[in-house]
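Chain nomenclature is as follows: A, B, C and D, assigned in order of appearance, with residue numbering initiated at 1 for each chain independently.
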Amino acid sequence: MAVKILKRRPLSLLEKTYLPQILIGLKITLRNLFRPSVTLQYPEERPDIPEGYRGVPTLVKDANGREKCVACQLCEFVCPPRAIRITSRELETGGEDAHIEKAPDEFEIDMLRCIYCGYCQEVCPEEAIWLQDVFSISGYSREAMVFDKEKLYQLGGTLPDNHFKWDRKKAEEEAAKRH
Amino acid sequence: MSAGKVTDGRIDVFIDGEKVRCPPGTNLIDLVEGMGKEIPHYCYHPKLSVSGNCRMCLVELGTPAMDRETGKPVLDEDGAPKIMYFPNPVIACATRLTSGMRVRTQSAKVRECREAVLEFLLINHPLDCPICDQAGECLLQEFATDYGRGYSRFIEKKVVKPKRTVLGPRVMLDDERCILCSRCVRFCQEVVEDDVLGFVDRGTYTTLTCYPGKQLENNYSLNTVDICPVGALTSRDFRFRMRVWFLKETPSICTESSVGVNTLVGSREGKVYRITPRRNDGVNDTWMSDSGRALYKRIEDENRLIDFRVNRLPVRPEDALSEALRRLQGDKVAFVGSGQSSVEEHFLFNCLSRAAGSVLNCLVSRTREGDGFLISNDANPNVRGALCLGFIDTLPEANLTGLAEKINRGEVDAVVVHNEDLTTAGIGRSLLEKVEVIYLGSHGNGASETASVVIPGLTVFEKSGTFINQQFRLQKFLQAVPGPPGVLDDLVTISRLLNLLGKDEGRLATPAAVWAVLSRRLKCFEGISFDTLPETGALLDGSAFRSLPFCEGPSLHFEPETGTVEARA
Amino acid sequence: MDVFKILGITAKALVVVLVLLSLSNLAILAERKVSSWIQGRVGPNRTALPIIGAIPFLGAGLTRLGLFQPLADGLKLLLKEDPVPDHVNKFYYFLAPVAAFIPAVTAITVLPFGEIVRNGTPRPIVLADLDIGILFIFAVASLGVYGVILAGWASNSKYPFLGGIRASAQMISYELALGLSILPVFMWTNAPGSQAGLNLFAVVQGQEHFWNVFWMPVSALLFLVAIFAETNRLPFDMAESESELVSGFSTEYGSFKFGLFFLAEYAHIVVGSGVFTVLFLGGWRLPFIASYYSGGMTGAVLSVLVFCAKTFLVVFLFMWVRWTLPRFRYDQIMKLGWTVMLPLSLLNIIGYALFLAVWDGI
Amino acid sequence: MAAERKILLQHADEAYYSPGILNYLAQGGYEGLKKALKQKPEDLRQEVLRSGLRGRGGAGFSCGLKWSLVDRKSGKPIYLICNCDESEPGTFKDRQLVHKDPHQVIEGMMIAAYANDVVQAFIYIREEMPLGAKILQGAIEEARSMGFVGENICHSGFSCDIVVHRGAGAYICGEETGLIESMEGKRPYPRIKPPYFPAVLGLYQCPTIVNNVETLCNIVHIVRLGGEAYARIGRHGNTGTRIWCVSGMVQNPGYFEIETLTMKELLYDLCGGPLPGRKFTGIIPGGASMKILKVDDNFRNRDGRAIGFEDIIIDFDGIQAAGSMSGSAGMIVLDDSVNIIEALANIIAFFAHETCGQCTPCREGSYWARNILARMCSGGAREEDVALLYDLAGNIGGRTVCPMGYSITWPVRSYIDKFRDQFEANAGSNTCGVESFSERLIEK
């Protein structure tokens, strides 16, 4: 690699005294003194969370309130700090969920480990895990910071989308049965 | 030109321009696989007949042109044999190589064929990968990354088929995922001869099904799951329990019988999730029994021993060992080994018995009727290990009458038992109470209940070692999961006892250390070391024991008279 | 002297010291507020006293200003556990904060902070109107650094030690410039015929019409820079320099002892600002208003207020500079002190002496 | 004016001719068999080779050559199967032969059996031809009672019986290895070649000859006339007569046994030309799976000379030179009233229904092609569909176990090649003019 030596411009006499520069600096800080502060009075004031913000990972349900997660464990696989633990189970046949075969039995995210990277959301084929706008998480014990499925659904809520995967599957199967 | 000329019974063929020598009639897919390359395929399986229906293995094939009149090869201008390529691609799996054949496995046309076949396979394949148990070891996924186009041109509705068909007590079928390769059908017909699977309906509506009124319930049904290239057949035991990419696969040996089926133990974070067969063409090909796959459940059995106990009270390990030592120092000690112990444990146990001046060494036999395939009559995986090491010199018996007599006569006052239940081996509780029992084993039983010293041990999944199977094949198994906390490896326990007895054998706590001694001391193990033992095992000379009336009948690669047989055609 | 006079003087001294301490405390708050404003923050605005804070409007306003914060800070420093590390030299370790604090408070005694006209004669409002006021101040203020050096040495720990060494070196380097920089002021004040001596009141009186800062800007600048250095303020806070030395000389101190250091620093600042005001900013005088304070008590109060206002402006300047400039490197400080400040102050004296000679000659 | 030359159907279409054996005997029936039994089998095979007889089932492979490939050294029994699984759309000649003159088939089979040392012969008759099976069964009984079938035929010492096997109802059973699988009681999945050439590893892994009904009937006449004489009928390489089944938009559809005629002679002279006011647009010459010929095109004859549509000579080579295949001789005529896309959709729907599902390209490709065509017919055609259809069809033929893959490739590609303008005009439009077509095409 070639070394390029940059020549510094020699300081003028005035600059050598530093005084004008100090005055310029003082001017800047003085100007700041009269600017409105940018501090938000948290927790009374909350920031506007922009679209795509990567807050706490949460689990979401579909528009019909069914859990979207199918326990594919890809998030568990991709998670860099290994914060996710999933235990899966096979769903019983029949009933409302006839077309859902697999679901998470337990779904735990260790928020102490989570680095909010969003890989889990990116990798999720069912769009079941979302980093939403919750950003402040606290607890009194390590155990309390391991969020279980219930807590994650509580945080995530329902995300209305137009996938209706299970309904479509059901409709397709019924259409096939008619033949 | 050497091309086309037959020398030493082998022929020259040219794969992508590379000259390869092989016996005539070699299967092209096998040959290419041996070269370290791959011809993608779904329906072909090396241990099944060729059906040639997936069309994934299409290659371009050329043969030297023959003059019809003279029967001589036609030559080019420059004297090389003229190669006639078939106008249509041919399937590699049905191609038996003949002299001078030229194969293109990577040409643009071949690639186009594969892309087309893959696209056809995928149009009706459901997007189940997130929940499919095959994901991660699915040939469809693998080849889709190689030959898939990344998007679908198919905008129509996929064919809907049943998703949860119960084929048998252990196998579940997802019909939508099935690519109709017929491996499972052929396996049932050809390998286990339990012809229960077949296709119904036609075209893309073809569905795999069991014959009405029958079930896929033979003891080898889970092999269909293994050979299914996609996730159509799934094991009901493993189904949806763990994604395969998390599993660490450790080579192991099935302890179900003396066949010594080679296995892979899939575990994650110290928990075993499944056992699958490992290919060994001299033992089990690519198969294993369903019952052998369930053996991992013994790890978490409720009568698993995890405490060191003296007189039924938990103690520290060193106290248990010193208590055991005190009883070993008497001169009326008998040793009951186990046919399930590894070679290394037999060796150390034998050393211990000699050091303690054993009055009697015996082994408990465990026979039942085998199936002539991969389950032999002997349920002990390593009786031959005990024989080779000289722990015993006769075959084990079901009833330890000799030991019972000696106890009755008062010639034995302490018995060291490794993993065996003496109460079911002809020595009743009343008799056992006359002696001090030192029980060393992984699971509790009648013997451990009456034992004065109980030392917990490990299961085959938690330790490493070797077994000698019915063919006198020395096979290695490795530790897949850690044992319960605090439980010592049996090798550690026995070698500590040995050292405590004053027989300083050095640290023999690992199989490798034991083998370093073994290979020097015993002639039949000469030159063998644990680390370099091949994955497929090593055949030992068992001729010294040929006169013994072993109980095994013929099985897949075993004939009682000769030991091994060549693979069945 | 009768007992009452002694009591009176004691009471007066107590009042002045208490006011000084309160002002120091307020300066701490001011520092926090100024820094937050400069940085676009809000600063302390949460601490509230139960009753006063509940007063509508006023309470909320005071709370938002953070006016109760110094109380909370002080209480915290008082009530916190006071750990004493094992490895320290206990006697000097305890002595150091006191040694730092006392000079800072003592210097105020000779500083006039207002004037009262009694019987037509203006008299200074001061605890002790010494003729050698400025010398006293220099003498006492220089003692402050012993606290720092003592703390650095007594802590028996590397960072405080380095902090202490730096403080002493810096003190020596800048003390000269400090002393030389004010000589022109007294040369001016002690014009031929004047009996002012080194009296500070006389300095203020001499600036009746024109502040010294305009007459002798170089002196003012040198003095200002020197007191920055003397008070260990950024960009000269070598003794503390928390980015290199954790907390410098006070690293091993906690709770009340740390509080003393803290208070001493701000007391220093306040007194230093006061001295600057007296020497260069005309004390309590406002330009062109020659005898504004003739009206007895009212005039006296006004003069004190004006003095305080000027002093606080200088205190503000201290803070303003702190949040504007980065810290010098140690070698740069030395270089500045010995190669710039000292020659410049000497030149300044010579130049001023020549100027005065010419002026007087005319 | 061209005319038929009836050899196989010489008597069948006569008035008062019935399929009984007495009628057949009265016309000189079983004389050929008697004559054959006096010759050596090798000589008979030579005779057939000399006659130049080409198989009438579809591929036109030389019958004599086929026989010569039979593995006679294995020591295994040799079987003969008469392939009567006629199910190609547009072909209906075997049905006539079986229904009207079953004894001709039986005689041909017995000659072939004798010539190839066959121990057991079978007739694999299509499930949908119950009457034919019944007639054949009756005819075999008659022949057996007269000593033409069974033990010691005509006191020659040669024994061979015929079993009528009714098919299992799939188009693919007509493919010879599929047929063999079907006869073995399995799904009619065609076998892979190599190694399962029927002549070596056929029925029950024994050497097997599978011949079409019409081919076997021709054997009778080769024996009667002699190979040389037979070879003089028709053109060189296309010997003998052939029964052509003409259906579709002609005035006089039906089957015609002809020697060597041109398109013009067959379609205008024998079939009466197009329906009033219509114009021929395309001809599918050899059954639905063959490539279509567009009437307006220029063609070549087998010498490479450019000819018009009318001059195409209707035999194996003539049609091949014109760019298609004679197949099973089921000629389907389309005129300007026929919507080409609908016609193709109809054909592909048939093949999508009939694909056995063994090989991936044919199984999935036919389903896909059918769906695309159904969309084209019912108004869902996209711009890219023509190219997509053309591409996917090209990925099927030649890459499957049996030639049925071409049944998708050939029609789709030739229709698009020849009538691309119609396909492109349809793209993006709502319909090809056929209402609720997709309902009919989608499998119920």
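By definition in this document, a residue touches a chain if its C-beta (ideal position, glycine included) is under 8 Å from a C-beta of that chain, and two chains touch if they have at least 3 such contacts.
As the structure is a prediction and not an experimental result, all values here were calculated from the model.
J.: Mind naming the chain pair that shares the most C-beta pairs in contact?
T.: B-D
J.: Pick the chain whose C-alpha centre of mass, unweighted, sits closest to the average of all protein C-alpha coordinates shown.
T.: Central chain: A.
J.: Can you check how far apart subunit A and subunit D are, centre to centre, with Cα atoms defining each centre and the answer in Å?
T.: Taking the average C-alpha coordinate of subunit A and of subunit D, the gap between them is 67 Å.
J.: Using mean CA coordinates as chain centres, what's the subunit C-subunit D distance in Å?
T.: So the centroids are 116 Å from each other.
J.: Measuring centre to centre with CA averages, how many angstrom lie between subunit A and subunit C?
T.: 52
J.: Could you state the distance in Å from the CA-based centre of subunit B to that of subunit C?
T.: Between these chains, centre-to-centre, one finds 87 Å.
J.: Can you tell me which residues of subunit D touch two or more of the remaining chains?
T.: In subunit D, the residues touching two or more other chains are 443.
J.: Using the touch definition from the top, list the residues of subunit D that touch subunit B in their complex.
T.: Where subunit D meets subunit B, its residues are 170, 187, 189, 192, 194-195, 352-361, 363-368, 371-372, 375, 388, 392, 395, 398-401, 443.
J.: So in the complex, which bits of subunit C are touching subunit A?
T.: For subunit C paired with subunit A, touching residues are 34, 36-42, 320-321, 323-325.
J.: Flag every residue of subunit B that touches subunit A in the complex, lowest number first.
T.: By the definition above, subunit B touches subunit A via 129-131, 135, 157-161, 163-164, 239-243, 245-246.
J.: Which of the residues in subunit A come into contact with subunit B in the complex?
T.: Of all residues in subunit A, those touching subunit B are 70-74, 76-77, 88-90, 93, 99, 101-102, 125-126, 172-173, 175-176.
J.: Using the touch definition up top, name the residues of subunit A that touch subunit C in the complex.
T.: Per the stated touch rule, the residues are 22, 25-26, 28-30, 32-39, 41.
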